[in-house]
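Think of it as A, B and C in the order they're written, each chain with its own count starting at 1.
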Amino acid sequence: MNQEVFAKKRDYLLLLPSLIPLLLLFVYPLLKGFVMTFQQPETAGLTLANYVEFFTNSNYYDTIWRTLYLVVPASIIELFIAFGITYFIREKMRGGGIIAGLTIFPLTLGSIIVDMAVIAFFKPTGWFNTTLINMGLIDEPFTLVYNYAGAFIALVILGTAFIASNLVGMMGTIDPNLERAARTLGASRWVTFKRVFWPLIRSNVLTVFALNLIMQIGVYSTAVIVGNPASETRTFVVVAFEEAMRNFNYNMANTVAIVMGITQLLVLSIVFAIRKRGYIGSASTFK
Amino acid sequence: MSQAVKKKNSTTILDSTRVEIRNLTKQFGSTTAVHNASLDIENGEFMTLLGPSGCGKTTILSMILGTLQPTSGEITFNGQPINKIDMSRRDIGMVFQNYALFPHMTVAQNIAFGLDMRKVSKSEKKKRVEEAIEMVQLNDLGNRFIKDLSGGQQQRVALARAIVIRPRVLLLDEPLSNLDAKLRKEMRTQLKKLHDELGITTIYVTHDQEEALSLSTKVTVMSNGIIQQIGTPKEIFGKPKNYFVANFIGYGNFLRGKLIDEQDGQFIFEADKDSVRLVVNHDKQHQVGDEVILTIKPEMLEIITDPKIGMNTLSGKITVSDYIGSATGYEVETKEGRTFKVNVLGLNPYAMGEEVRLYLDPAKLLIIDEE
Amino acid sequence: MKAEKSFPELEKEDGQTVQGNINRKPLRNSRKGLFLQKGYKTSSWALILLFLTIVLGMTIAVVLSAFGEEWYGTFLPQGYTIEWFIKAWQAYEVGEYFKITMGIVLTATVISLVLSIPTVYILARRDFPFKQALISFFQLPFTLPDLLYAIPVASIFYSIGLAETIPGLIIVNLIVGIPFSVFILLPYMESLDPRLEYAATSLGATKFKLFQRIVLPQVVPGITASAINIFIRMFNTFTIILLISGPKTQTLNVMVFSVLQGSGSQPPAMLNSLALTLMIPLLFFSFLSLWVSSFTQRRLGK
């Protein structure tokens, strides 16, 4: 702490070059955006009309359920796949690095390429359906693209990659001696997991889960490219963009954005309420 | 001789196990961590595996524990091979170097963990946890979390957690290495007392020769994956078998050469480098013609003023003087260009550069082999 | 060797109670445990294989379809060609958009760094009230959902005429660039030894010289690494660019997205080729970071 000198008046000036642009480009729009939700495009004065419209018109309020119905099950499946894979390869295992690398790989491709890849692989004439037909398992191909299923698959692939990329490092923070200790004391592998490994990693896993969940609530390009943005995958962002770019109704667009932000906050607080009920703290063995 | 005799004064005696290790080898890729090690650990014995880091002692411990599978060879408990037994079924109490205490559990929960796994009844569990807590003197700390304990207290919890399950064998992996010097001594005494009380067959891994000699009933010295010597602390300390063992446990002065003659029950030794001749007492293992190493501990070397003693003396001058409390450590450089380490009790009566004579008592010189 | 004394004998000798079960049962593995372990391993491998097959399969499928001649109904395309790729490249002027994007992002990276370095210096070296709050404030733009500020920014930019212009796109990138450079430069700056600065001041250096001669040379490696990260981050900025982009003023990923969103009539090979042009920045950045790291290593000597 002694290397820090208390700031003089002049020093504050050096904060301005970065603060002013942020105030203009971020804080002011944020506040203006919030006020905008209480205004109408043409008329003056404050009104709740936008929110009333949102919660009475099924065209709008349906987006809440559509988004959550798409994103919440996907996130849970992503967590299971990512945790299952990274837990299995957590100890030095031959090929573990390659498995981790391939699991995380879709993250480097980015959303748009993954969306196109899902279409190429799961479309009716794609490898997935032709393989199943050739094996005699099905007669008609599944419709897995340009609908709920397509968006779901693309989300699962991207989300699993994201969660796994965070979990890989996290698994290493649990001292392997703790598991060994439990095992020598007579615990089976499952009991060791249940009573030692999981309680220690739980809070971090839930944090990553929450991060991924709120990221996916903002899903857009996947919903548009592999999904069916007109109905099944009409998420918050799809509607917000529609209002902004097609109808030029920035007030309504921002109302949708605010409702999305609140939804994200609610989801976050639910996950953190669950997280608080377990052990939160260091998993290291020394103070 | 038998360990069992020692238990006469004890109040609690647990049954225990004889551990045999037969031709145990462990390879990691092309490197051999343990080479063909054979070792018997008697009922109730306190066996220390002593050696520098990387000598294979921890690898042997891991194979007994079950975290590593031997490449070849066998480990048995009371004659039963355990290689294929899952580590959770081996009934071993283990104290890890970093204690590996569960940070999300209290002291009592940590200690009770092994009992939970054994489905011990609630009342029995309570009784045994309390006993264990008392045994390691952690009274009133049962409800604390691990992070609220000092290093020494954590160490005791780890010990209690390992013994409360009444293990067949107790394994300790450098348990004292994370404690400060004073606490280490205290814990050493406690560990010894505990072992005397319980009589559990104990295998202790350390690189600290002082710990090994003070705690154990038997010591195994290892280097480079090979067992160098097995013996009681007295044997190891008094009669190290080879250069490595002698050097490791603190013999400081070595002369390489040959036994050239024998007179009146004594050998005549001639050094290779400078043909220094010394008389040394006869021992049974060596004979004239052997290539050997002579060694003597720094505290066995004498600096003399008596001009009458002429045999086995070397003259030189003091080049280093290091006062270490109860004794002073000197380095004496002889005319032949050798350096000897000498420890002299008391204040330092010799000045730097002073000409002195060293006396190498034939009875205190030790003949050892290179390998 | 020593005779093995059995414990019951000892008991008689001492006449004391012996605790513990003398006749322990032989050790035995749990059948159920072995069975469960096998099941766990099998299902884990099944999960890994399934997931990785899909990941690899879809990646190969999209690449093959972009570089395949005719692909309908067969397992593999009938032949391979880069014709679609070239066609997509030309039809959508990918080179042009790549250039525009590079220009925008490069300019925005430089501006972000110039604006944020003084701030980072003060945050690392000076103490003042609410400093932690200020640091958290700088992290806010990339913790909040970007839609929340993107829509009002777009409406403001349209009303003052900055939308659909190159300067507008550069300015908008600063919302991403400034907080991110503060975020990744701060640890670097904090890790530098302040005593060097004291030494320089005591030798009579003026404030400007101090910064130029002492601080800057030390942070240059950190700044280069950070610059690449900021660059990548902005290259991938999507939401806000989409909202204010015009036909000729948009970045590569926004252009690709707009095409994919709008056209069902184009052949899939063409669209896949277009999507894969987004791989080019990916390759470019891997190359860039390799080059920079080897360059800085050479400059630092080994």
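The working rule: a residue touches a chain if its C-beta (ideal position, glycine included) is under 8 Å from a C-beta of that chain, and two chains touch if they have at least 3 such contacts.
Remember, predicted model here, so these are calculated numbers, not experimental data.
Looking at A-C alongside A-B, one finds more C-beta pairs in contact between the chains of A-C. Relative to the centroid of every protein C-alpha atom shown, the closest chain centre, again from C-alpha atoms, is found for C. Each chain gets a centre from the mean of its Cα atoms; for chain B and chain C, those two points are 51 Å apart. The distance from the centre of chain A to the centre of chain C, with each centre set as the mean of the Cα atoms, comes to 15 Å. Chain A and chain B have CA centres that are 55 Å apart.
For chain C, residues that reach two or more other chains under the stated contact definition are 30, 33. Shown for chain B are the residues that touch two or more other chains, namely 88-91. Contact of a single residue of chain A with at least two other chains is seen at positions 188-189.
Those residues of chain B that touch chain C in the shared complex are 1-2, 4, 7-8, 10-15, 18, 42-43, 77, 80, 82, 84-86, 88-91, 166, 168. Every residue of chain A that touches chain B in the complex is listed here, in rising order: 175, 177-178, 180-189, 191, 195-196, 199-200, 279, 281-287. Only residues 65-67, 87-94, 96, 98-104, 113-114, 117-118, 147, 161, 165, 178 of chain B touch chain A when the two sit together in their complex.
The touching residues of chain C, when paired with chain A in their complex, are 30, 33, 36-37, 40, 44, 47-48, 51-52, 54-59, 61-62, 64-65, 72-73, 75, 114-116, 118-119, 121-122, 125-128, 134, 137-138, 140-141, 144-149, 151-156, 171-172, 174-175, 178-179, 182, 194, 236, 238-239, 242-243, 253, 256-257, 260-261, 268, 271-272, 275-276, 278-279, 282. Chain C meets chain B in the complex at residues 2-5, 7, 10, 13-14, 16, 18-22, 24, 26-30, 33-34.
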